């Protein structure tokens, strides 16, 4: 298996081999992170621009520290205080980043599909750090790494995802990463917060829906709680936070329905007391901090892989003419 | 020609030789930027503070990446979230930056002249990254570099600048950089958006005004479109954006009036469909992305030159006493 | 004296030897800062996260440049645009920073005690960069360094602190650093802006209160002016800024009451014309810029010392297991 992708936009069209390759590389990066000197020169002299049109702390810092651990130069753009306010188009902003010398653009955007639009139009490599409700591929990969380290091979394992699946790019990316690795997914949560086709039984292969979270958790191998966006309640999709917590929140009693020691994940930031009790979030089953650490490793792996893609500008194998025309160059 | 300036505030008092020196150094920096490892150790251990009291993306990132490519340490201050909000004077803010160890302060400010005020009062080198309507010297230099690469020597070339010249620090800095290199400038745009003396024919040497943009473009060697600030319309200086676009916007038909292949520049961010059509902005004559890339090289050249000025603090030739008294020290 | 602290939260429980050690190390760091190449590899491959839940410019940049001068990687979080807005608890935010790989978290927070809460719950080292009205230990240490360089040993020296002591973490940290070094403190300012117990004579050892600032300054060895928060006037604690300036502001006449050449300090940012006249702020007695430079050195010293604490995670002496359990490991 050699890496040939120029961008990381979503994992829905990835092969199992590609996912495995990223997980293997991430494990190697975890070893780098465990060293006293947490740094490799892999991306020295390369530039990673973090373009966050939506607010984020953990994902932005995770990518930033991943890039710095690889010795890349980084620069951060957030929506406020940037030219975005001046009415520049997304296309022009990103072409400008390319012309400024961005080898890799890490991009979070409120509009689903924005990273695809960009990736078709620039020679910089693009990593999707979350686009609307669509995808958050690095979250899917870090959840897969975390589950595999805890459970071993995911073949036949049953993973429950609880919460607002409809609006969750995390749920979508988890499904697109875990199912190819052989896991079976049970979705649970309010029917109003499920995609309508899925609610009616037209589910993707490997995915089931069980509204009753207790039944969903019975004998499960792991559970991923989704963050409840408080805005959903205002939109009339939820009766109250208290009712949500009672009916779908992960309590100690509830998680005990899973297999002994079955782990609990959450993408963060958590609403403690709503989708997850503090005792579960910080209890012995919690892998939530491990997810954060693994996130840095997965992002290091992807940044590094994108710099090795044959013919890609981030690989800097060819000259300016090759970059512009996107020619394939032997690495 | 040796470099002896301690600051880069505006190019209006620069000699042709000084401009040529910066352009030559910028060409050398473009070669550094074309290398697989885009980094030189020239400013290692030096500190560049980016003090942006006005919002900016491309200029801030351009300076930031330029400083990092030279291995300098960087720190960014923006108006929001800084002590500026606490009522500190500009003088005290910049003296603080000096005391914090800023070798070079890159400064954007809404008040014309602010960088001059600062440069007289600190030993750090100051680069003006745009002060009110006054000057934006690095933009003038990068436009000169871009035009020279495209047209060859600028002696006798006729460059059109279209738009809101009155409020444009870009127009002023372009004139002060291109005229010494032998270019002739034709300004075009609404008479309400021209400095009143210029509108009445009292123009600087080498500069003409032609309100009709079609006549201005006939046979021209290049055109620079200025960004239209939408606020101007609110102030009653413009009838409507649509009328502006029809009368002065750069369309494909209009730019075809120039000499064959004559290039189109724009400082960005663009209002596509207003001062420039998308087909022109992204068409074969457009050098807009080349301007962005050249901007990084010009800023690297200036940062590097300022660190070589004999006796300047950024040169770190002398000790603390020399720094304070601004003594000339043999490099 | 060897350093054994895992955190820097306040200096109120520090021994004189510990304070002396930091001042000595800071003097060594000043020598590093005076070199042409202002950089040491001491923290190479370590990560310092700057978590500023309250706005700050000088303290944030001071820590940032200190960390970079030690070759650490840095990442900045400010309250706006971070997950704090999404309702995450402080505990979860900081556990996330730890999991992201923060060796040292520098933290400013509006709530007194917040850094203590955090330090008990993470293995990262925590430096308090100001918590509510409680403490600002690096300011106390940099003031001690500045005074000692100017006055020599502080034994028996009388230092006046003028202003809003009640709301000032700077005053508290100055007292807790200067008194152990043998200095005597005279507080002066409106009685409404003194802690009520202190106003009534129940003062800590080494501290006196003298409402009349002229009497307080008579024969003093140095004065520290505190920043007047304009919000205090709105709260009815002050009659008017003009009256404050007349009654307690440091004028040239007033500071001349001190011993000849006795220096003037201010933590910044200054309200010139209120708590301090411009002629004093920028006059020959002013050490205000020297304080800023010393601040970088003190922060370098603390960052470096925290990376040498036996068994501390920032020391990276042990493996992951040691970090988690906080075991003491021979360095």
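Each chain gets a letter, A, B and C, in the order it is written, and its residues are counted from 1.
By definition in this document, a contact is a pair of C-beta atoms (placed from the backbone, for glycine too) under 8 Å apart; a residue touches a chain by one contact, two chains touch by 3 or more.
Keep in mind that what you see is a predicted model, and the values were worked out from it rather than measured.
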item	value
Arrangement of touching chains [line / ring / star / complete / other]	complete
Type of chain A:chain B copy interface by residue overlap (half), same or different	different
Rotation in the CA alignment of chain A with chain C, degrees, nearest 5	120
Between chain B and chain A, distance of the C-alpha-averaged centres to the nearest whole Å	39
For chain C, residues that touch 2 or more chains besides their own	80
Partner chain B, residues of chain C touching it in the complex	33-39, 55-58, 61-62, 64-65, 68-69, 78, 80, 230, 268-272, 281, 289-293, 295-296
Sites on chain C touched by chain A in the complex	44-47, 49, 73, 75, 77, 80-89, 92-93, 95-101, 316-317, 319-320
